[in-house]
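The structure that follows is given in the form of structure tokens.
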Amino acid sequence: MDIVMNADALNRFLDSEFPQVAAEYRVEQVNETGLVARLAVGEAHLRPGGTVSGPSIFALADLAIYCAILARIGPVALAVTTNASIDFMRKPEAGRDLIADCRLLKLGRVLAVAEALIYSAGGAEPVARCSMTYSIPPKS
Amino acid sequence: MDIVMNADALNRFLDSEFPQVAAEYRVEQVNETGLVARLAVGEAHLRPGGTVSGPSIFALADLAIYCAILARIGPVALAVTTNASIDFMRKPEAGRDLIADCRLLKLGRVLAVAEALIYSAGGAEPVARCSMTYSIPPKS
Amino acid sequence: MDIVMNADALNRFLDSEFPQVAAEYRVEQVNETGLVARLAVGEAHLRPGGTVSGPSIFALADLAIYCAILARIGPVALAVTTNASIDFMRKPEAGRDLIADCRLLKLGRVLAVAEALIYSAGGAEPVARCSMTYSIPPKS
Amino acid sequence: MDIVMNADALNRFLDSEFPQVAAEYRVEQVNETGLVARLAVGEAHLRPGGTVSGPSIFALADLAIYCAILARIGPVALAVTTNASIDFMRKPEAGRDLIADCRLLKLGRVLAVAEALIYSAGGAEPVARCSMTYSIPPKS
């Protein structure tokens, strides 16, 4: 699984293809087994009590796993999530960004599987765990 | 499982407790086995190609299941999702709202389990399937 | 989704292809949306306290969903489960068979998605809920 | 999360509480983050083509996660699985045992969450990934 897009290339891809959300998300690092991404937590992500909403955590995991796949196969915008499973385990700490630490488990010809642990920035214990399957479109 | 909050009561609850998102979501009907909710799809929910984003579909399922539980136990704002599993099966039709048809499968003392099928409004086949577990806080 | 194998044809297929387990499982009915299958619960399926083991419930859901797919595409022995999500909701009643009521949600060219509710025979409330994705091999 | 049962203690517990399956499963190691367990693959676990059945892989993950929890809370036989999500990623290698490498992610008062990667013994890439939630009964 050679790396064909690094963090800079992935961030430029997000800026151009997903302008609605790119301001909030940054790929911080592409590494040998996966990728690290960050959500800049703002008012729009919060729920009563100051916690980050479940859909915001889901969106971060989805983006991180998507980018971990693109890092290996290149800018295939049409890869799509077919399945996701997520466990919400702890309340994120107020006023902190969220970090997704993503690991690619399988990169097949038509399906890719990865998992992500989500942390409050600086926190030691994961707030959520997510695994996803992506369907990769055939090369034309 | 008597119904203690109807669609109007749930919508007022969303307006007061979740003002960030309440404008987009409406509970349409509380029925014997669950609940029907609608997402008014707008620009913010779209992805390249005109499809509705995965996190938007997840958010609709989450809200529908949350409200299906509250309809039976009353306005317990602190019920939290502990687990979710979602299958994305078809591309939502462009320019249509999304409808969640939710069915409560278990309402225990500490855990509730429900599933939702998500449709493009007027569509016959589900675009996604989601099941979730909620943890219900003890009564004080 | 025309039906190409009925309950008898599926049971004969199980007898010939899965002799290790075929004695325990029977397809009872193929219907318009899915299929009903039964696990004859025996000593080997029980856990301390007389309950049916989780893996036995998983195996029943897996078999029911597999057969629901074959009922539409014919005897493709090599269709494989790629993902499963299961919620165990209630303790099965002692001394009763288990019934899987399976519904096919998507039958695509390469992926099929279905869900199953599992009941104690004669019981009104599901003991478990399961959804699975199957990968369908290309026709040669 | 102090360790209160080591591998020997867990294996003796399996022998006495789960005599039906104990011969097939062994806890190999309890470590700081989780546990390693082994399934001695035999004829009963195989499917056509020589692969290990999905339910057998599920059962190994379930047992490994159960034991990883007991290693920290002691012999609470009545802890029960409430949710499981599993991805089957590769075909297990014929004629090899399966190894579950399990990591405990949360050990709360009422819920525990863990994940397991399943390998063919000696294999470098996981054949399956599983996450589970267990409900822990209150102390009497």
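Letters A, B, C and D mark the chains as written, and numbering starts fresh at 1 in each.
To be clear about the criterion, a residue touches a chain if its C-beta (ideal position, glycine included) is under 8 Å from a C-beta of that chain, and two chains touch if they have at least 3 such contacts.
Protein names from UniProt, one per chain: A, B, C, D = PaaI family thioesterase.
Model, not experiment: these values are computed from the prediction.
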item	value
Touching both subunit B (PaaI family thioesterase) and subunit D (PaaI family thioesterase) (chains)	A, C
Pair in B-D, A-D or C-D that repeats B-C, with over half of contact pairs matching by residue number	A-D
Whole-Å gap separating subunit A (PaaI family thioesterase) and subunit B (PaaI family thioesterase), where each centre is the average of the chain's CA atoms	23
Approximate Å spacing (C-alpha centroids) for the pair subunit A (PaaI family thioesterase), subunit D (PaaI family thioesterase)	28
Intercentroid distance (Cα basis), subunit C (PaaI family thioesterase) paired with subunit A (PaaI family thioesterase), Å	33
Shared-contact residues (touching 2 or more other chains) in subunit B (PaaI family thioesterase)	82-83, 85, 87, 89, 133
Complex interface listing, subunit B (PaaI family thioesterase) residues touching subunit C (PaaI family thioesterase)	85, 87, 89-90, 105-106, 113, 115, 117, 125-126, 129, 131, 133
Contacting residues of subunit A (PaaI family thioesterase) [partner subunit B (PaaI family thioesterase), same complex]	17-18, 20, 43-44, 46-49, 53-56, 58-59, 62, 77-78, 80-89
Residue numbers on subunit D (PaaI family thioesterase) that touch subunit B (PaaI family thioesterase), as the complex places them	82-83, 85, 110-111, 133, 135
